[in-house]
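Pasting the structures in now, so scroll down.
In what follows, chain A forms one complex with chain B and a second complex with chain C.
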Partner chain A sequence: MWLTSKIKQVLLVLKPGVVTLKYPFVPRPVPDTFRGAPYWDHTKCVGCGGCANHCPARTIMVRDICQEIRVMMYDGSRCTYCGRCADVCPENAITMTNKYELATDDKYDITETMELFMLTCQRCGRCYEMETKNAIDRMDLRGYRYDNIEARTVIRKTTDQFEPKVFQETAQFKRPEKL
Partner chain B sequence: MLSKLSKKMFAKSLWVYHCNSGACNGCDIEILNVLTPYYDVERFGIKLVGSPRHADVMLLSGAVTRPTLPLVKKAYEAIPEPKLVFGIGSCATGGGCWFDTYNVTGGGDKAIPVNYFIPGCPTKPEAIIYGVALALGLVDKQASPYELKQMEFPIDAYERKKAWEERNVIYQLIKD
Partner chain C sequence: MNTIESVTQTLKSKFGDAVKATETPTGNRLVVDIDGAKVKDVSKEIMSLGARYMVSIGYDNISRDNTLGLIHTYAFDKEQFALMLRMSAPADNPVLDSITPDTPNAGWSEREYQDLLGFKFQGHPKPKKLVTADDWPDGIYPLRKDVPHNLVPPAAEDVAYQLDEAPPGTTTIPIGPFHSSLHEPNHWALYVDGETIKGCDYRGFMTHRGIEKLCQTQLSYNEIPFVAERICGICGSVHACCYAQAVEAATGLVIPKRAEFIRTIMLEIERLHSHLLWLGVAGHLIGFDTVFMQAWRVREQIMWFCEKLTGNRKTYGMIIIGGVRRDITPEIRSELETICKNLEKEITTIHKAVAGDTAIHKRTKGVGYISKEDTIKWSLVGPVARARGVDIDARKDHPYASYGEVKFDVPVVDSCDVWATVLVRILEMYEAIKIIRQCLQKMPEGPILLEVPEALPAFKHMVMMVEAPRGEATHYVITGEENRPERWRVRAPTYPNLQGVPSMLMDNQFADFPIILGSIDPCFSCTDRVAVVDVRTGRKSLVGKRELEELSRKYKK
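And then the complex of A and B:
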């Protein structure tokens, strides 16, 4: 009696065959709608800072090192891959790639830095669709920004003109220690 | 170098202890997903155990919150040496959306030394397998920081200035 049930089991198992993936030895494609690590196209970017304003985890830091040059940094260690930066980008400079194999032993391996030239805008001046419906959206920063890139913090301080004094003050910024 | 050393130290099966330090259960479900027959990690000899005293590896998920901080430290000390810690998910890697808030220490590496980081929110099961394979030395590391630089002006400033001057010739003529 037990033998017939075992034979039945074997026949049942033979029908689907082996379902286990051979993943790390064979590459596995992702679905089309998958959002992996974001990628910046530095030739398209105009440096409006819309992605930095809209990022929920505040992964994108913007620092103006002089009047014309703006440094932007994406810190992937705390990115939630929501895709809001790609949505808000007016020039479609950010694309969500399908790269997910991001495991590292050093968490600063998943950063992107970009250096941009800045000019006076000849167009409307509203680079991306700035929402003004609620208080959080009205907190968007505009003008010259001085986030600290080494400490990886967003500093909510902007000026209309580039001020070297604020630039030097923010260079020594340290995040408060909690432990 | 670390992967070579860990290949020597953890030559046989890794026993895994799963530690949730205030995660949203997204990463925990993906960890359980990895243990199913579809993404079978038992072919690498990985087995989930209930006690940190039996484990070689700690899977840490979640940004370490203030109430769980002493418990995470205790669980880490209970694992016998040599041990590895995997930070799974964006929260364990860098703190996620909550890296600045008042009751979060801001990532697993602020509380205990984390050897391998697996980002993602939640991590894909394949990404967890990739991280484990990276630790075992089966695959190469793919992530690396990269720097981009604009070498020329995005809008051609000289052409624009020339066009502006040509357009304003009429004003110069009127002035005279």
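And then the complex of A and C:
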């Protein structure tokens, strides 16, 4: 009993041999469906902000610095690579690449910023009308949005509900260093 | 044989006016509103009908009627329904009778709401702190709505958890918070007489992440599955699936059939790799590293397959409310079939090599004994219960996803020791492969994701059970208004099982502690998911915090 199971164990070990991969000396290829670092195609992006509203980790910030320019920033340091942004993007401007060696000591290596030129409606002079029912409003993007890009915080308030106080608070917010 | 009607009738006739209202939100859920003063008797009656206690849920209802709500949930496993016993207590004096003397497993739930909501439970045998940090200020109850989610109260120095008094004639051996036999931080004080364990005390909840509070105040419905998945590194899909099903059932969403099958496949894949992982860990804990290396080698091909299917080795992100995110293509399907074939062969080889090994028998047989009666009394779940001859399995007892449409056996072994848990888990792997094969065959074509309506109805209650590899995971959802749940309670399988460990440890050898604790496949971070900041432990330190800081500064230079 004891001996036979020991023989079986020896066979169990000998048969597969060495299976350890040679990584990092030999790169490990990943499947096409892999969810690596997301990539934004600025030529396709329409700046709807759907990705910013669906990101569970709040890594995508939107700031309208003026009527025509919307800045979108992706902060990879918090990203969980769930790929939800790529799912919801109506223009397929976001793709999950196969990059996974993303460790870095400079957070700007994994930060992406886009400045998008937004059109103004020729009829009313606004980006779009502040109704309550259209698709963009449902995405919580009424008016201009002003996330705190410096502090990398999503405030998710737009001009109709924006308070400078909230902005100030997030800018000054510091996690207590000493508990 | 109990039915929803018979239980309702029994409770109404026995307690009359104390039963205020009953409601059946779905065909297999019964909500009973009772007068809080009678909770002890009603609970005793329900338990005597053959129910199994699951978990309690406390919630803040102050803004609506100035009360705190409490719900005890029970499962009638053979009769396939669950009972939610709902009561409330005034917010200024939330005192209720404790049900712990009759149902010992409620002990932790009640202590949790003592810490988090400010409930007082009369007659609780051990009303100590459970969840919040030792230096958490009195009178701040983090789960109440008026406490912000990012509150960081000032820390106090030199507060420590008071461990239980050691029985006379024993020596205390501290294990943890960091110890080579524990995979996650938690603290055990073992009271030993020579080499024999005579008792223990546990202080855990050191990896709190405040997930429930965060999700109730910050995230939206379909962002929560991604957080739910991170409750546990191994059974991620289980929690995401359980949460999604609870919301779907509460709001009456019916997801496409194909999505249900894909969910089932994901859950079974997870069971396969979790059991292989556990088998490796168990081998490692008793110093048998051959099993460890080989089980993990076999496991690797599932991980690679998952990477291909979902885009990641773990935290698959597959399950959201309304269905699943990625489809199983014909190519993936044929690959999964090949993997099932390989796995079956490999698992059989490991099974044969392990089953006859006398060294393993000596380390596991008769170790960690807990009788069938005690298992039922402590409401233990999953492989731990099935290794004690208790035939419960949420997949059979409360069918969800597509488990109702596939045939499989639930392995039950009744030697009541660690060896039985090894066997149960190995046998379950064969069943998992069987289920995956049937699902691949029976899976209908069609959509995989349902468009979720904009506003889901608010204040619907639903409890959902999903059989995780470690046992039954229970999620309770109260839907809310602002596109997020009003209350979301997670009970991971380790939560009840860990409460049974003191009974398993009793009179065993000290050297068997790692494998006994390991036999429940403990997942402390699952259990510790609630509170708000980290806990300073009950270590009996000789150096104070300040001195420790100075010391570390000195050595850093």
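As a convention for this text, the second predicted complex is superposed on the first by the 118 of 179 C-alpha atoms of A that agree within 3 Å, B and C clash if a C-alpha of one lies under 4 Å from a C-alpha of the other, contacts with A are read in each partner's own complex, and residues count from 1 in each chain.
Going forward, contacts are C-beta pairs under 8 Å (C-beta built on N, C-alpha and C of every residue); 3 or more make two chains touch, one makes a residue touch a chain.
Nothing here was measured: the structure is a model prediction, and the numbers come from that model.
Novice: Quick check for you: in the superposed arrangement, does A:L14 touch first (chain B), second (chain C), both or neither?
Specialist: After superposing on A, A:L14 lies clear of both chain B and chain C.
Novice: A:Y81 contacts which: chain B (first), chain C (second), both, neither?
Specialist: both
Novice: According to the stated criteria, A:P56 is in contact with first (chain B), second (chain C), both, or neither; which is it?
Specialist: Touch status of A:P56: both partners.
Novice: So, A:V26: does it touch chain B (first), chain C (second), both, or neither?
Specialist: The answer is neither, since A:V26 touches no partner chain.
Novice: Would you sort A:T4 into first (chain B), second (chain C), both or neither based on which partner it touches?
Specialist: second
Novice: Of chain B and chain C, which one contacts the greater number of residues in chain A?
Specialist: After superposition, B is the partner touching more of chain A.
Novice: May I ask you to decide whether A:M96 touches chain B, chain C, both, or neither, giving the answer as first, second, both or neither?
Specialist: second
Novice: Give me the intersection of chain A's contacts with chain B and its contacts with chain C, in residue numbers.
Specialist: 19, 30, 56-57, 80-82, 178-179
Novice: Taking the touch rule as given, give the residues of chain B at its contact with chain A in the complex, in rising order.
Specialist: 2-3, 37-40, 43, 90, 93-97, 99-100, 105-107, 109-111, 115-121, 124, 126-127, 129-131, 133-134, 138-139, 141-150, 152-155, 157, 160
Novice: Show me the residue ranges of chain A that touch chain B in the complex, using the header's touch definition.
Specialist: Touching chain B: residues 19-21, 23-25, 28, 30, 40, 42-46, 56-58, 75-82, 99-117, 119, 122, 178-179 of chain A.
Novice: Considering only the defined contacts, which chain C positions touch chain A in the complex?
Specialist: Residues of chain C touching chain A: 152, 155, 219, 222-224, 226-227, 230, 290, 293-294, 297, 300, 307-312, 315, 317, 325-326, 349-350, 352-359, 454, 533-534.
Novice: Spell out the residues on chain A that touch chain C in their complex, using ranges where they run on.
Specialist: 1-2, 4-6, 8-9, 12-13, 16, 19, 30-31, 33-35, 54, 56-57, 80-84, 87, 96, 138, 175-176, 178-179
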